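We just call them A, B, C and D in the order they show up, numbering each chain from 1.
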Amino acid sequence: MKEKPIHVEQLGNMAIDDLEVEIVERKGKGHPDTLIDGASESVSRALCEYYLQKYGAILHHNVDKGLLVGGRSNPKFGGGEVVEPIYVTVAGRATSFVVKNGKIEQIPVGGISVSSVKKFFKSTMRFLDPEKHLIVDYKIKQGSTDLIKIFEKSNDMPLSNDTSIGVGFAPLTPTEKLVLETDTFLNSEKTKREMPEIGEDIKVMALRKGKEIDLTIAIAMVSGLIPDKSHYINIKEEAKKRVEDLSSRMFNMNVKVAINSADDYEKGIFYLTVTGTSAESGDDGNTGRSNRLNGLITPMRQYSMEASAGKNPVNHTGKLFNILAQRIADNIYDEVKGIREVYVRMLSSIGTRIDEPQIASVAVVLEKGSSLSSVKGSIASITEGHISKVGDLTPLILSGSIRLF
Amino acid sequence: MKEKPIHVEQLGNMAIDDLEVEIVERKGKGHPDTLIDGASESVSRALCEYYLQKYGAILHHNVDKGLLVGGRSNPKFGGGEVVEPIYVTVAGRATSFVVKNGKIEQIPVGGISVSSVKKFFKSTMRFLDPEKHLIVDYKIKQGSTDLIKIFEKSNDMPLSNDTSIGVGFAPLTPTEKLVLETDTFLNSEKTKREMPEIGEDIKVMALRKGKEIDLTIAIAMVSGLIPDKSHYINIKEEAKKRVEDLSSRMFNMNVKVAINSADDYEKGIFYLTVTGTSAESGDDGNTGRSNRLNGLITPMRQYSMEASAGKNPVNHTGKLFNILAQRIADNIYDEVKGIREVYVRMLSSIGTRIDEPQIASVAVVLEKGSSLSSVKGSIASITEGHISKVGDLTPLILSGSIRLF
Amino acid sequence: MKEKPIHVEQLGNMAIDDLEVEIVERKGKGHPDTLIDGASESVSRALCEYYLQKYGAILHHNVDKGLLVGGRSNPKFGGGEVVEPIYVTVAGRATSFVVKNGKIEQIPVGGISVSSVKKFFKSTMRFLDPEKHLIVDYKIKQGSTDLIKIFEKSNDMPLSNDTSIGVGFAPLTPTEKLVLETDTFLNSEKTKREMPEIGEDIKVMALRKGKEIDLTIAIAMVSGLIPDKSHYINIKEEAKKRVEDLSSRMFNMNVKVAINSADDYEKGIFYLTVTGTSAESGDDGNTGRSNRLNGLITPMRQYSMEASAGKNPVNHTGKLFNILAQRIADNIYDEVKGIREVYVRMLSSIGTRIDEPQIASVAVVLEKGSSLSSVKGSIASITEGHISKVGDLTPLILSGSIRLF
Amino acid sequence: MKEKPIHVEQLGNMAIDDLEVEIVERKGKGHPDTLIDGASESVSRALCEYYLQKYGAILHHNVDKGLLVGGRSNPKFGGGEVVEPIYVTVAGRATSFVVKNGKIEQIPVGGISVSSVKKFFKSTMRFLDPEKHLIVDYKIKQGSTDLIKIFEKSNDMPLSNDTSIGVGFAPLTPTEKLVLETDTFLNSEKTKREMPEIGEDIKVMALRKGKEIDLTIAIAMVSGLIPDKSHYINIKEEAKKRVEDLSSRMFNMNVKVAINSADDYEKGIFYLTVTGTSAESGDDGNTGRSNRLNGLITPMRQYSMEASAGKNPVNHTGKLFNILAQRIADNIYDEVKGIREVYVRMLSSIGTRIDEPQIASVAVVLEKGSSLSSVKGSIASITEGHISKVGDLTPLILSGSIRLF
């Protein structure tokens, strides 16, 4: 194995925390873009399971494109209905037949795709009935594989599927943590039990100016559980209070929370949905346009444009290298003293072993008194360790224990 | 009009140029993600033209989602064919009927969409025949508008369609310029005339380490114009030479150029396409996943995840604020002395006038000897000027004079 | 009201029964063509119910086109799975928005269509799970209606939607009755309870030569309920025996029954399906290509090519006149003495009241000793009575009490 | 080879001509149902050509299902436009990969389908531009074939693909000839040259009462060529006159011609289309619902419900037996003296050689003085001859010299 091209440098004298302004966003699990990310990823995982069970290996596939076309609905206090279903299609390609002893064996790519997408929606959305509210289609092109070749190569390190960039950083700032925690809290089982009116489609936007944070939250309220306007207002008040409590428990900043600020009670404008997502009434989604794999959209940070959802977890570095970079960053921040912020940037080379990146570039903001030379060695060694074991990520991804969006 | 919430601060002591590693990418105009961006934008522009001509106002629409499902082809030296067409669908919603004097008037949203997408492909790709190689569909939900209300409000400043982030920065680094120029050069009319074999689907990836740049270029070669392997190799050599010349003319760095590095002549692997794009053989695309509006993907920079393509140019701040931020950044860098780098971050607020952002946040890296206080005033005044005239962007966008991807 | 253009004549000296050869077919309720007929009709009925409930009138629609694209499956003894779902789309047009007091009101055509199709499949097929085995889409173009005009005209007799032919005849021959009864029996609740292995997709073909009938029956067997080959053979034997019993109970002919005659036990060819229909594995369907509304396909008879399923039950004479002709024929045969066979042919005229056909032409085969002059009066009067009350058919159709395929 | 089960009998004492009422219809080549028939058939033929050229044999396929979803248009005198394209999809299955020496070879089913459908429309409709007015998709499921088995069996008589009925009759009545000739004339090159305003979507309906014929013709007029109302009226007058001339040249009956009888000049209702077909504005089509292969819909005759268009011409008896029955009928009528009318009904048996029908049943109406015994022998021998050479039909079908709808 070649020596890894690991590079470490210093990024400057300021961390994001030192800046006076910070903007951070998260699209919750019921946001149209997040839903279609989830749909793509669920298809990839279901395919992996099938391939593994039937052939002992994950066969080639990439279903990292998708389209959710919003429906039409007429929510109203105490009820309403979806009048035009949401249309969801996952696109890409997948091995759909194998040649085994000169005979063709079909793989139920269509059935797997459709049922995994429905299962995903069912497990994600409490009030969206896939049977009534969804049209699930798929646009997955067929590919074939010669099983013998697969097995011959099954012990080799896979070769990169593309020339892709992965980026990760650590730690999260307080603002970032707040955004993540706000959605996590509002979409938690406990909150859903206590305030079932709160839909899954939640968008959190934080604007920090110095020590003050404006937290703008859009929550798709579930119309069937809200009998009237006063109930709606109560729920908003209660949610606001709870998020404020959460903020004050988390850290000592001045957090102003605004929920559904486009509401206009006099004009009868409320953010009501039948199913808990704006996808029911015209908001569309594309795979790869929701959160990055730390769960956030951080325009003032370094990050990767690559969609992780739906890419195969064996050799698509657009997925693997983003995960890898994040884990390296986390590990460096946890283990190496003297670091305020660390960014890891990885670049793969198509056709090259996935443990041989073009570069693994680490940049750090150091604590006062710390020096690059004092951290360089540990950083390089941590980075090298992770890269060598990049193959270990595959089962972790399949187990669902790695956040992707 | 309220005072603009403009904020200016210093970003730290290092510009991107000072860093030892830089990674920059561009997807050329024939890349599947860029093609579907172009398709979405072409539909938006064609709708605008129709609305303007017929009703004197741009009616509501957003078609910033899309899906390109790659086809299947069997290119070979001297020929080949597309065996399964590329499928393209643009999604979103558009005003498709208006109520005028109590009567309904239909708008040909479907016809406009399909023909503008085909026209776009025809004008973008020399060897892709929309008639033979494309299936163009659309998934645009209908909406209605009361014309009277439109006209009543036509002199007002539009209200933000969403809470969206826009980011822009200036100047480009030499590496960024090189990436942009490389594709611009390879996709120029002159190059296409002299080397027609070079397809429109070009992906440029630069990795700078200190003063050395590795430029990895993937070019979809046009099979019908390449009779054999030696011709293919010649074209690659020639393209490599020309890009090296370009690099050395541009600046004094050591640029190593690699073209189609996944080729394996012995195994018969060449990057051949019938139409000049990998979309013909299985590479899919989603709107919003190509370049940002400076033409680049810059994972080590601040930038916005928002798709500009396909959003309406009147009140969707996901489009307007990215353009605005870029123009402010350019203007500040050009006008204000003492600035090495400038980032502009804008945040809109749904339902609020588009010239009243939540914040316009400017961060600068200063030249040695320059101070924040000496530049703050000019920056604020430039920023304020642009925001006040945000409405002027609409006709510019329609004229096609603003780059979006 | 104008006098009805009723014409009565004699058809010749032979009834179908007198002929030595007779060929009759029926596609059971689970046949792909019958399923898509059912899908179209279920959408029409669900729309009618919605329109009636909400607006007190059946608004314009015709959804008498449709496409079922067969899936892919791998049934095997004791189990199997659908590997590619069946795709179903109903096409046509429907009033999807109304203008009421100058405001537009949306009608959930999409939601109604998709859920009525799924409900139809659920109620028709025991082992086809719409959630897992179907993709239900729709291609229904939107239309609009001015409610005021609807109500102004609501007491008028509707005007024909098209120039269409309707044909009916009576009575059924013994062979025809046998074909109808065979499927009715095999698809009866009792048979399904006693022999659940028998799927809903049954095709019955009878060839009568003199007094001998060859009854060829294709039954899609349900694989999950059939553990092995011997069980399969037993079921076939049992079904054969029961149909033979049925035949001998019905009349005194020599009926030879053959079930699944393409089976080849040695080559391992059995007619197995997971869901009880061949639609799961590649058999497609189009609306209007299943049985005529007497439940049969009778190539040696007069009959209409018009699809009844999916047409609106208010003024589409392609539906109404077929029903009308059948009811007139039945009524004439029941009431008028001396008639062996009666055919009724109706022709509408687009834009003319539906109770003013171009012609209502009745042709009879008379019993020996009977004369045309002796039956003409009663026939004309029965015919006239039915035509005058053509409007009464609409509620009957909605109630589901009239067979359409 | 087994003896053919040929049966001949007498049908009664009356031919259709003897009846007082006759109803006959034809849907011209531009009618939505005929267009989708043509689309299905064009795909089958294009596949056959490809298979033959590449593999020397017609591989398995059946694309006899299809859906045309009408568009939307706003024709007006002197112009107009298609505002929503027509959507066309052909469905079925086709061999899309073959295993050759253990390797998979792809067949461009998608490309062939889409381009053959467009070519068909281009050659059929003068004013319908596939590029602008059509969305052509396909829903053809993939199948595979083992080439070796194909070649092993290539000299054998093919086995029936299904249990199907074929029906043919001869001769045409004067009314039937008139309907056929009327459309042939109006859609002739000469008429199109002299009266280009006459669109291809023509529906002819004849009602004969005794010696009088009402000929109701619907012609989709081409709006772009008709500057105003008076021009429109002139064209109608001229077309009426020419059809009357044609009728009087053809035979001595009283023919009343009515064109576009739903027009209402005062209300501004004209039958105008931009492209010459009602498919542009909402009329949908399904394969198999246009004319039978004699070019007519004859509800008072015996005929087959089977769609001929799109079925493979090698072993699908739903196509072959209809053609065969028609040719036998024509041949019998031409060759055998003493016959007024002949009907041929064929029934195939799935899995049995196509030259071994279950029955070939011939029924004749004899001229006065003729007897069954005198014609039986010739009929049987003609029938036997045709059945033996059923395989000769395949190349004839491919050459396009056999009418299918």
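Throughout what follows, a residue touches a chain if its C-beta (ideal position, glycine included) is under 8 Å from a C-beta of that chain, and two chains touch if they have at least 3 such contacts.
In this text the structure is predicted, and so the values were computed from the model without any measurement.
Asks: Once you count every C-beta pair in contact for both, which comes out on top, C-D or A-C?
Replies: C-D
Asks: Going by the average position of its CA atoms, which chain sits the greatest distance from subunit A?
Replies: Following the centroid criterion, the farthest chain would be D.
Asks: Could you state the distance in Å from the CA-based centre of subunit B to that of subunit C?
Replies: Here the centre of subunit C sits 54 Å away from the centre of subunit B.
Asks: Need the CA-centroid distance for the pair subunit C / subunit D, whole Å please.
Replies: 23
Asks: With centres defined as the mean C-alpha position, give me the subunit A-subunit C separation in Å.
Replies: 50
Asks: So which bits of subunit D are touching at least two other chains?
Replies: Within subunit D, the residues that touch at least two other chains are 72, 84, 87.
Asks: Spell out the residues on subunit C that touch subunit D in their complex, using ranges where they run on.
Replies: 7, 9, 11-14, 18-21, 23, 25, 65-70, 72, 84, 87, 89, 91-93, 139, 141, 143, 163, 165, 167, 203, 205, 207, 209, 214, 216, 218, 261-262, 264, 282, 284-289, 297, 299-305, 307, 343, 345, 347, 349-351, 358-359, 361, 363
Asks: Residues of subunit A touching subunit C in their complex?
Replies: 71-72, 74, 81-85, 87, 106-111, 114-115, 118, 130-132, 135-137
Asks: Could you pull out which subunit D residues touch subunit A in their complex?
Replies: 97, 99, 102, 104, 142, 144
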